[in-house]
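My structure is below; once you've seen it, I'll send some questions.
All chains are identified by letter, namely A, B, C and D, in their written order; residue positions are counted from 1 within each chain.
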Amino acid sequence: MEEFFQQLTNGLAVGGIYALIALGYTMVYGVLKLINFAHGDLFTIGAFLGLTLLTSLGLSDHMGPLLGVIALAVMVIVLVGLIGFLLERTAYRPLRNSQRLSAVVSALGASIFFQNAVMLIWGARPLVYPHNILPTTAISIFGMDVPLVRILMFSTSLVLMYALYYLTHKTKIGAAIRAAAIDQGAAKLMGIDVNRVIALVFCIGPALGGAAGVMVGLYYGQISFTMGWMYGLKAFTAAILGGIGNIPGAMVGGLLLGVIEALGAAYISIAWKDAISFLVLILILIVRPTGLLGERVADKV
Amino acid sequence: MSLVQLKDLTKTFGGLVAVNDVSFNVEQGSIVGLIGPNGAGKTTVFNLITGNYVPDTGEVLFDGTNVVGMRTHRIVHLGIARTFQTIRLFQNMSALENVLSGCHCRMQSGIFSAMFRPPSQRREESAAVGRAMAELEFVGLADQWNNAAKNLSYGKQRLLEVARALATQPRFIILDEPAGGMNDHETQELIELIKAVRDRGITVLLIEHDMSLVMKVCEHLVVLEYGAVIAQGGPEEIKNNPRVIEAYLGADDDLL
Amino acid sequence: MKKLIHALLLGLVLSLMMAGYSWAADTIKIGVQAPLTGKYASEGQDMKNIVDILAEKVNAAGGVNGKMVEIIAEDDAFDPKTAALAAQRLTTSGVVAVIGTYGSSITEAAQGIYDEAEVIQIATGSTMVRLTEKGMKLFFRTCPRDDAQGAAAAKIIKEFGSKRIAILHDNSSYSKGLAEETKALLDPASIVFYDALTPGEQDYTAILTKVKGSNPDLLFFPGYYNEAGLLLRQKMEMKWNVPMLGGDATNNADLVKIAGVDAAKGFMFVGPPGVNDLDDPAAKEFLATYKSRFNAMPASIWSVFAGDAFNVIVEAVKKTGSTEPAKIAEYFRTGLKDFPSLTGTISFDAKGDRAGKFYRLSKVNEKGEFILQ
Amino acid sequence: MMNMRTLLLFAVCLLLLALPQFLNPYWTDVFNNIGLYTVLALSLNIILGHAGLFHMGHAAFYAVGAYTTAILNTQFGVPVLYTMPLAGLLAAVFAMVVARPIIHLRGDYLLIVTIGIVEIVRIALVNDVFGLTGGANGIFGIARPMVFGFKLKKPEHFFYLIWGFCLLTIFFMHRLENSRFGRALNFIKEDDVAAEGSGIDTAYYKLIAFVLGAFWAGMTGTIYAAKMTIISPEAFSFWESVVLFTIVILGGMGSIRGVLVGSFLIIGLPEIFRDLAEWRMLVFGLAMMLMMIFRTQGLIPPPPRKYDVLAYLKEAAGAVGGGRA
């Protein structure tokens, strides 16, 4: 039983990261109905930019670990948000009124481009974050040793998720985002500047991915130019699991995917872990074709 | 004899009762109108007949067969065709191809005859094109056959939907607001067309907001309010029914 | 239709232009097939860099038999189809021999093409046993085989006296091969855990928690340094200090960087000498050149095997005075004995494998250095 | 007009026939890969291009076919080309089993499920499922195919096999497109509610699209296995599916010419960029984006079907009562 709870916390920790990346996926999807395959690579860029800024500016030396990390996260969020904004302008906007899948191919091209750009800029070898930034203490919860960093990371994910939920559901700009998500034409008639909303969403989504990149770098220590592809796929899976386009859904989906992976590895097979989580995903979708929290409206005929 | 019998149909969405214990019959060879204020559940009744929705309780008998639970294409095959309230044509395809989609269920050839093209396949194809052209002619769109559906005017798109429905060779056709978006002249022609459809032996059930059209073509009317039948009878009878007048004045005042 | 024709014609013209590409024979062409892009790009780029440096040095000294050496590098992207294409391209560019590649299944996809085209291939990062069991006359390798390493690993594990061994591989053909070779030589009753993780992930705590549940006294991970570093680090965070033994692919300085010195301390691995263990003066000089140019050491021993391959090819051309593959292969089998190269002395056995046993145990010390035991 | 087209087609075929004489083995092999991907992308085109089903797991079907051939040939000694129908059939059965429960999923949900399927297949292959697939090492020693006693060995031999099969595929796909079946798939792509409402069994046609696409991909797997003589799970990764998906969308959904041009570009460009070494994939990614931006509907969108209405009417009039009026 203790092992079960241990695995549960393991799963929740990974799931928190999946959820954070999935949030960006889901936001972009919600408004543009675009599967942004480059999202995982924006996450990678966040991780590498974070490392460069951290070592070249010596942030944590000047400001202390806590402030340093916060300052770092803010810088990365701004920079990756900017890259996301430019990406939308150049690669997606020209495709907005064409068939949906064209933009998917453009996104795949962007993914290849970013991945190889990172390789050419930072090299093909994995890079390593400094070790001494985050505390290494562990806290004992119900007799289990849980590293403090995991708790910090998990709570950061939760805070960011809540902030996003608040933004989209309780603020005026959030109402505009949701309106554009439901019907761009109608939103325009209501005086909403849809282009601005989309640009904003394309800043927030990638910025969250970038933040996740920094978190992953700081915690796991090792980053490589190919890592975005796997995280992107996991985040996409998580977003679908929860019901794509739905912010609480991305949260639930991410956490659940992490838990499924951990429990699948623990009680069935490590080698088949990913196959198990895909199988669970498929079974869930057979029962609930629009994901766990996706809206299940009957087809309007 | 009644071609179509609706018996105690009820459909709820979440907590909302969209259709509440609806029963009525449609006589063979008649033109029946289903009317009522917006949101009364008229289109939902149509969707229950065509299998797009499955009722919670009740039966739809078509020529004595209960079609509840059948998939839509099966119901079409049995002889029930429809048009849609919001036009659902295959917008990027030509008018001819749109009508050919209706011919589909009366054709046989599958992938093997597509690949190896035996003479029977070509014969079937030419017969289908012939029938599709005949239906286009019937609704007056023969000269538009090679135009993409999206390039047709709104009124013509409605006619194309009728042609597509007729191409399935139905015995019963249901038209969901066929005059929507039509001008007066087009509406007059539509009245003639509906009568011509009936003259081919096809029973017609229609939803329409244009009361002058309803009063001119329908022999029998069924009035829905809040998902329930509040009256039915001949046009004159309905026009003077106090409940109907009240229902319409409460919601919308375009009765006559 | 017109556009299609245009596209076809364009493709044709382009390809014809490319087809006429270089047939001149005034240089000795040596091919390098390596993953220059894709997930093992770092290994491939190191291979190319090493061979480039060595070739420059040879050319600066006047070349081989009066001819300059020309290196033609082709990307196989760690993908079998791309590898087959790279092989076709190299065989048609008039190379004497091909160095590479990294990854057994990728090597295998190209092996037949070189064999049919009668080009020598010297594999450098391909340890799968069956590669040299096919009787191909022109195939050699400067890296060791899984079975030799498996035997070495099993021997070391037995010397530890471990009673409960957990084996975790990463399902790649290299890692699984080594795991199986080792497992076959151990007492089945002593293996308490055997499974595979997914490489390329970052969080292995769920897996470590499960392995811990089987209560082993030794964790053998015949995988790559990346995952090994993460395993060590997360193992420490779980406060679990079971000793861990790795295979030759963990022999990479980045392992300590990823794990951190504290977590890496005490980690052992069995393998050929690592980059930092090379004590031959020529090797040291070479590594110094490499470091001054690329500002880092080669990440692993695997890319250095490409340098070995280059050296033996040059030696063979020199000694035989010929660039004929058959003669060179003959020389490799019979003439080349204990040739000193970067990773030690090289001889080939009849199958084309590198002869001699050179597996040793290394351990990470308090400072994070790899110390040969 | 018709004559001009036939003439052009004939010229292209002749050109193709003569091509290996001009090319070195490397470029011949590039053409082989292009041909292989063209056939695969055409088989995906049925599902993705015509029926409009978001399918990003086509490599799974291809893998089933290739492994069927490899296992039958290496374990039971069945000559490679004889295994082709069975490879197709097994892939088709596999598609039928996995597609049935998921066929009703819409858009992106179907996309992730198909990605899941290709990943599950790859993981199963890597884990040596049933002890048949050889794990990560794959299966080696697949025999060279024999055609009328002639052993196919060199790239130019495979060139004729692959492009012969490709032309056959184009021929059949062209016929499928211009038939009741092809039309039905297009109706489903445009609006599947309206298609069902017009009497088309949409679930059945979607399933058949999957099964037929898988059958063709499975047969192509045989050729791949024969050409490589060794197959391993790397060749059937999710990335392969992405490449095929890209070819169809970039070329123009539902367009045979588009798919052909698409595979020339997607498979050919990285080869042309080879001299860029480490930079080649960067340039390739950029090229992909640019092509999509400047041709948003794909390079060559499918032309509308042509109906020779007069001829049909004449024929229909000649056979009065031919239809089941």
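Criterion: a residue touches a chain if its C-beta (ideal position, glycine included) is under 8 Å from a C-beta of that chain, and two chains touch if they have at least 3 such contacts.
Since this is a predicted model, take the numbers as computed values, not measurements.
A.B. asks: Which chain has its Cα centroid closest to the overall Cα centroid?
C.D. replies: D
A.B. asks: Could you tell me which chain lies farthest from chain C when each chain's centre is the average position of its Cα atoms?
C.D. replies: Result for max centroid distance from chain C is chain B.
A.B. asks: Comparing B-D against A-C, which pair counts more contacting C-beta pairs?
C.D. replies: Output for the comparison: B-D.
A.B. asks: As a quick test, compute the distance in whole Å between the mean CA positions of chain A and chain C.
C.D. replies: Centre separation, chain A to chain C: 35 Å.
A.B. asks: From the mean C-alpha coordinate of chain A to that of chain B, what's the distance rounded to whole Å?
C.D. replies: One centre to the other, that is 47 Å.
A.B. asks: Compute the distance, rounded to whole Å, between the mean C-alpha positions of chain B and chain C.
C.D. replies: Here chain B and chain C have centroids separated by 71 Å.
A.B. asks: Roughly how many whole angstrom separate the Cα centroids of chain B and chain D?
C.D. replies: Centre separation, chain B to chain D: 40 Å.
A.B. asks: Listing for chain D: what residues touch at least two other chains?
C.D. replies: 126-127, 193, 197, 278, 281
A.B. asks: At least two partner chains per residue is the criterion; list those residues in chain B.
C.D. replies: 52, 84
A.B. asks: At which residue positions does chain C touch at least two other chains?
C.D. replies: Those would be 37, 41, 45, 171, 196.
A.B. asks: Which bits of chain A are touching chain D when the two form their complex?
C.D. replies: Residue list for chain A touching chain D: 29, 35, 90-91, 94-95, 97-106, 108-117, 119-120, 233, 236-237, 240, 244, 271-272, 274-275, 278-279, 281-282, 285-286, 289-291, 299, 301.
A.B. asks: Quick check: in the complex, which residue numbers of chain B touch chain D?
C.D. replies: Result: residues 50, 52, 71-73, 76-77, 81-82, 84, 88-94, 96-97, 100-102, 104-107, 109-111, 113-115, 117, 121-131, 133, 145-146, 148, 164-165, 168-169 of chain B touch chain D.
A.B. asks: Taking the touch rule as given, give the residues of chain C at its contact with chain D in the complex, in rising order.
C.D. replies: 1, 3-5, 7-8, 11-12, 14-16, 18-19, 36-37, 41, 45, 73-75, 77-81, 84-85, 88-89, 91-92, 104-106, 108-109, 112, 116-117, 128, 130, 171-173, 176-177, 196
A.B. asks: In the complex of these two chains, what residues of chain C are touching chain A?
C.D. replies: Of all residues in chain C, those touching chain A are 37-39, 41-42, 44-45, 168, 171, 195-198, 200-203, 205-207, 209-210, 213, 226, 229-230, 233, 237-239, 254, 257-258, 260, 296, 299.
A.B. asks: So in the complex, the part of chain D that touches chain B is made up of which residues?
C.D. replies: Spelled out, the residues of chain D in touch with chain B are 172, 175-176, 179-184, 186-187, 190-191, 193-203, 208, 212, 304-305, 307, 309, 311-313, 315-317, 319, 322-325.
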